[in-house]
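In the part that follows, the structures are each spelled out as structure tokens.
Next come two complexes built around subunit A: one with subunit B, the other with subunit C.
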Partner chain A sequence: MRAELRAIGALGARSIRNTFRYPRYLGPILIFPTLFLAVNTGGAGGAIDLPGFPEVHGFLDFQLAAGILQASLLAAVMGGTGLALDIELGFTDRLLAAPIRRPTIVLGRLAATFALGMFAAIWFLAIGFAFGAIVKGGVLGVIFVILFGGLTATAFGGIASAIALKSGTASVVQGMFPLVFVILFVSSAFFPAELMQEPSQTIAHYNPVSLVATGIRGPVVSGLRASDTLDGLLGLAIIGGLGFVLSAWGLRARLRAS
Partner chain B sequence: MSALALELSTIGVLMRRALNEILRVPGAAIPGILAPSLFMLGLTGAFGALTELTGFSTESYISFILPVSLMQAAGFAGAATGVNTVRDIELGWFDRLYLAPTPRPALLAGIVLSAGFRALLPMTAVLAIGLLLGAHWPGVPGLLIAILLALTFSAVSASWTVGLALRFRTQAAAPLMQASMFIAVLFTTSYAPLELLTGWLQTVASINPVTQVVEGVRQGFVEGVSFAGTWPALVVLAVLLGLTFAFALRGLATTGR
Partner chain C sequence: MTAIEVQGLEREFKGGVKAVQGIDLAVGEGEIYAFLGPNGAGKTTTVRMLTTLLRPTGGRALVAGHDVAKEAAAVRRQIGVALQEAALDPLMSGHELMRLQATLHGLPRAEGRRRADALVERVGLGYAKDRRVGTYSGGMRRRLDLGMALVHEPRVLFLDEPTTGLDPSSRAAIWDEVRRLNDEGTTVFLTTQYLEEADQLADRVGIIDDGRMAIEGTPAALKAQVGQPHLDVCLTDGANDHAEGVLARFGEVRPGIEGVHFQVTLAGGAGDIAPVVRALDEAGLAVAQLNLVNPTLDDVFLAETGRHLEGDQDTGEVAALSLESG
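Here is the complex of A and B:
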């Protein structure tokens, strides 16, 4: 067990080092969501005056969850891309020949994705604080948001890893980038679902990402509430469960291909 | 063949090469169509209620955001020209261009004008999707002005990103090219009229020259075409094209020294 954990730690550390070593990997996770956060906040900031908009300290506070979600999802895609590159370059084949359990290969990558998700949450909280946002849940709320960032990236990382394992091609995983935006646009990440237009509103009600958005946004705009946290965890369980099943299937397919 | 005819022929050949790329690798055009289309549909679904704010210039958010997506399609097509130039530099093809007995402004003009070809496909797709989903028909003059302004913007984007390509000479500069277009188009009145923007974005949008271009492209979709709504966009584009073309030309002139 200890050896497995050491292997997961080593593979995770390797993935994190690669991400920070090459800015082209880190850039999409942080730069575009940050620019998007800036434009959304300044461009649609008047929305808080709309009838039915929830009581919030500011639109930036409301949008922080969107930034964290976006960055976490992109971190998941980057993690999947990294795994696919390892497959393309033959590194995964060497790991398959090593005396470690096969799921460790995926778990190592997901450990790095978890860390990147938390880093993204810290990044956006820092931007939020710098521009006047407040976290109503206090220190505990901040910890919850950071943990949710990491868990969101991990849950989606499972799906990205499955695609990487099944396809073995980085460009296929990178094709998920537009999908990230589709998933977010049809959720309550950017706007309250009740104020969205159809058909986005209906889709947002059934989209598990809306639940995750509630879990991240709750501690910021309303304080710590069990209902928000449970919503968030339910959303993560749905997405993470799907990722787990798909990853197991992808790993089996990869082993067969190897 | 006169010198002018030779230069025109070079420009034509380089434009033809860009057209070949589009025809031979049609899949490469998909991201350029997908990104602005998703942006338009996603923002309309999410932020459509903004039209209920007092002072919003239209009741149809898709009519308001469609011109921004046209500008994005044009801007990203221009940025793709920059990325392709870096690829040509890395593969050594660009070095062969330097050996050609052609003035460098003609080489650059061919590359920059080819961005127009690249922009036409995503712009047509975005326009068709927007109109099908209920955006206002801008009328023939409004449409022609929108297309003219957006295509010129793609040339501005191409000049700027080719200039960057010639300085950085690596595909690692691609995010910088795309991010600069993202900022240029979205840090304007992209989401809402100037009076309804909040905080720093209102200040930035009021001094960002691209705001005039966005408003020029948008006019036919939200109110009506006028000379007063068009000439500021034309002036801005002329100045931007002059500056960015000079920037790229300077890069071209200093490369290989």
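Here is the complex of A and C:
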């Protein structure tokens, strides 16, 4: 068990290092969402005055959750892409020939994705603080947001890993990029669901990403509330559960294909 | 004890490709066994099955005493593997990869670091250990891959085409390392398309073609089976009527071109060379050139399959004994 945890840690460390060594990996995770945040807060800041928009300290505060979600989802896609590249390259064969448990290969990736999700949350909180946002939940709120960032990336990482394992092709996993934005747009990540038109409003209502958005946004705009955190955890459980089942199935399919 | 024991091993891929069609072989502890065959013969498929990366669709295989299908984890602890395409992460340094491999094999951190340090030196990459693997040459990658396969001191080492595409000096470096490992007691199973490699390294050779074992044995026995060595004799002056008669005392003679060139099968092998020269001399025949031609593994391959090993220009092992006699 100890050896297994060390293997997961070593594989995770490798993935994180590689992400920072190869700007093409790190770029999309941080740059897209940051630009998005800049454009959004600059251009749509007036939305805050719309009737029905929740009481918040500022539009930037509201949008931090969107940036963190976006970056976490993209970190998940990049993690899946890395796994698929390993399969393409034959690096997974090296891992499979070693005396480690098969799921360790996926868990190593997810450990890195968790860390990158937390890193993304820290990045956006830093931007938020630099531009005058405040986290109502205080220090504990900040910790909650960071943990949520990591967990969101990991939950989606399970789904991305499943696609990587099943397809074994990096370009297929990268094809998920646009999907990330679709999923986010039909959730309350960017705008409150109440302000959306149908059918987006209904979809956003049932989209588990909306629950996660509440979990991340709550500590920032309204302070620590059990209901927000529970919503967020429920959303993560749904997405993470799906990710777990799918990646277990993907791993089995990959091992059987061999 | 047998390091590798294979019975009726088969692999059929989806779509009906039968890459391996019933292979039997046994490799003893401490042996170097070469699996020789052309592209597409089924070498990689066999290695992948023996290293637990691919499930057999028929037959069974024991490696280091464990069944590759039923006791895969136990097999993995005993084997080292260097696959055909050295799958190395180009963003990592050689030393990082070596340490990762040590961790994957459960070595404690300090010991892993020590092994990694020792092994990068052993495969001659100490000077480049902190460079990213993406900057390594083909030969360096192969050496690193070989080193990584040794990190847990495996009992059985699998090398899939370890020198394909390498220049002669890189190839020689790998051969030296394989010999050294074998001297230390490691059993080696290697695949190759190169006759010379099998001949140079292996205690025994299995020739595989189209998923089947064509023939198996020591390099010497295989070559002996194809035929005895023969002597190419070239005389100085034209038309020597009695030359054929003199040579016929030593073996079967085939007259060559222009009445000066003969081939004689040497029933007594290389030991007959001196008597042949003496006999020709006594008969007053001057020898311009003598070549002892040994059968090669390619001759074996040709005899067994009707084809030459593709992509190998090695046409014969010729020991040229140029004699200027006067």
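By our rule, the second predicted complex is superposed on the first by the 258 of 258 C-alpha atoms of A that agree within 3 Å, B and C clash if a C-alpha of one lies under 4 Å from a C-alpha of the other, contacts with A are read in each partner's own complex, and residues count from 1 in each chain.
Everything that follows uses one rule, which is that a contact is a pair of C-beta atoms (placed from the backbone, for glycine too) under 8 Å apart; a residue touches a chain by one contact, two chains touch by 3 or more.
Source: prediction; values computed, not measured.
Subunit A is touched at more residues by one of its partners, and among subunit B and subunit C that partner is B.
Applying the stated contact rule after C-alpha superposition, one finds that A:A38 touches subunit B and leaves subunit C untouched.
Contact with neither subunit B nor subunit C is seen for A:A126 once the two complexes are overlaid on the shared chain. Contact with subunit C, but none with subunit B, is seen for A:P99 once the two complexes are overlaid on the shared chain. After overlaying the two complexes on the shared chain, residue contacts for A:V245 are found with neither subunit B nor subunit C. In the superposition on chain A, contact of A:L5 is made with neither subunit B nor subunit C. Once the two complexes are laid over each other on the shared chain, residue contacts for A:L140 go to neither subunit B nor subunit C.
Looking at subunit A, you'll find no residue that touches subunit B in one structure and subunit C in the other.
Residues 48, 51-55, 73, 76-77, 79, 81, 83, 85, 87-89, 91-92, 96, 99-101, 103-106, 109, 148 of subunit C touch subunit A in their complex.
Residues 3, 6-7, 10-11, 14, 17-18, 21-22, 86, 89-91, 93-100, 258 of subunit A are the ones that touch subunit C when the two sit in their complex. Listed in rising order, the residues of subunit B touching subunit A in the complex are 31, 34-35, 38-39, 41-50, 52-53, 61, 172, 174-175, 179, 182-183, 186-187, 190-192, 196-202, 204. By the touch criterion given at the top, residues 23-24, 27-28, 31-32, 35, 38-47, 49-51, 59, 178, 181-182, 184-186, 190-191, 195-197, 199-201 of subunit A touch subunit B in their complex.
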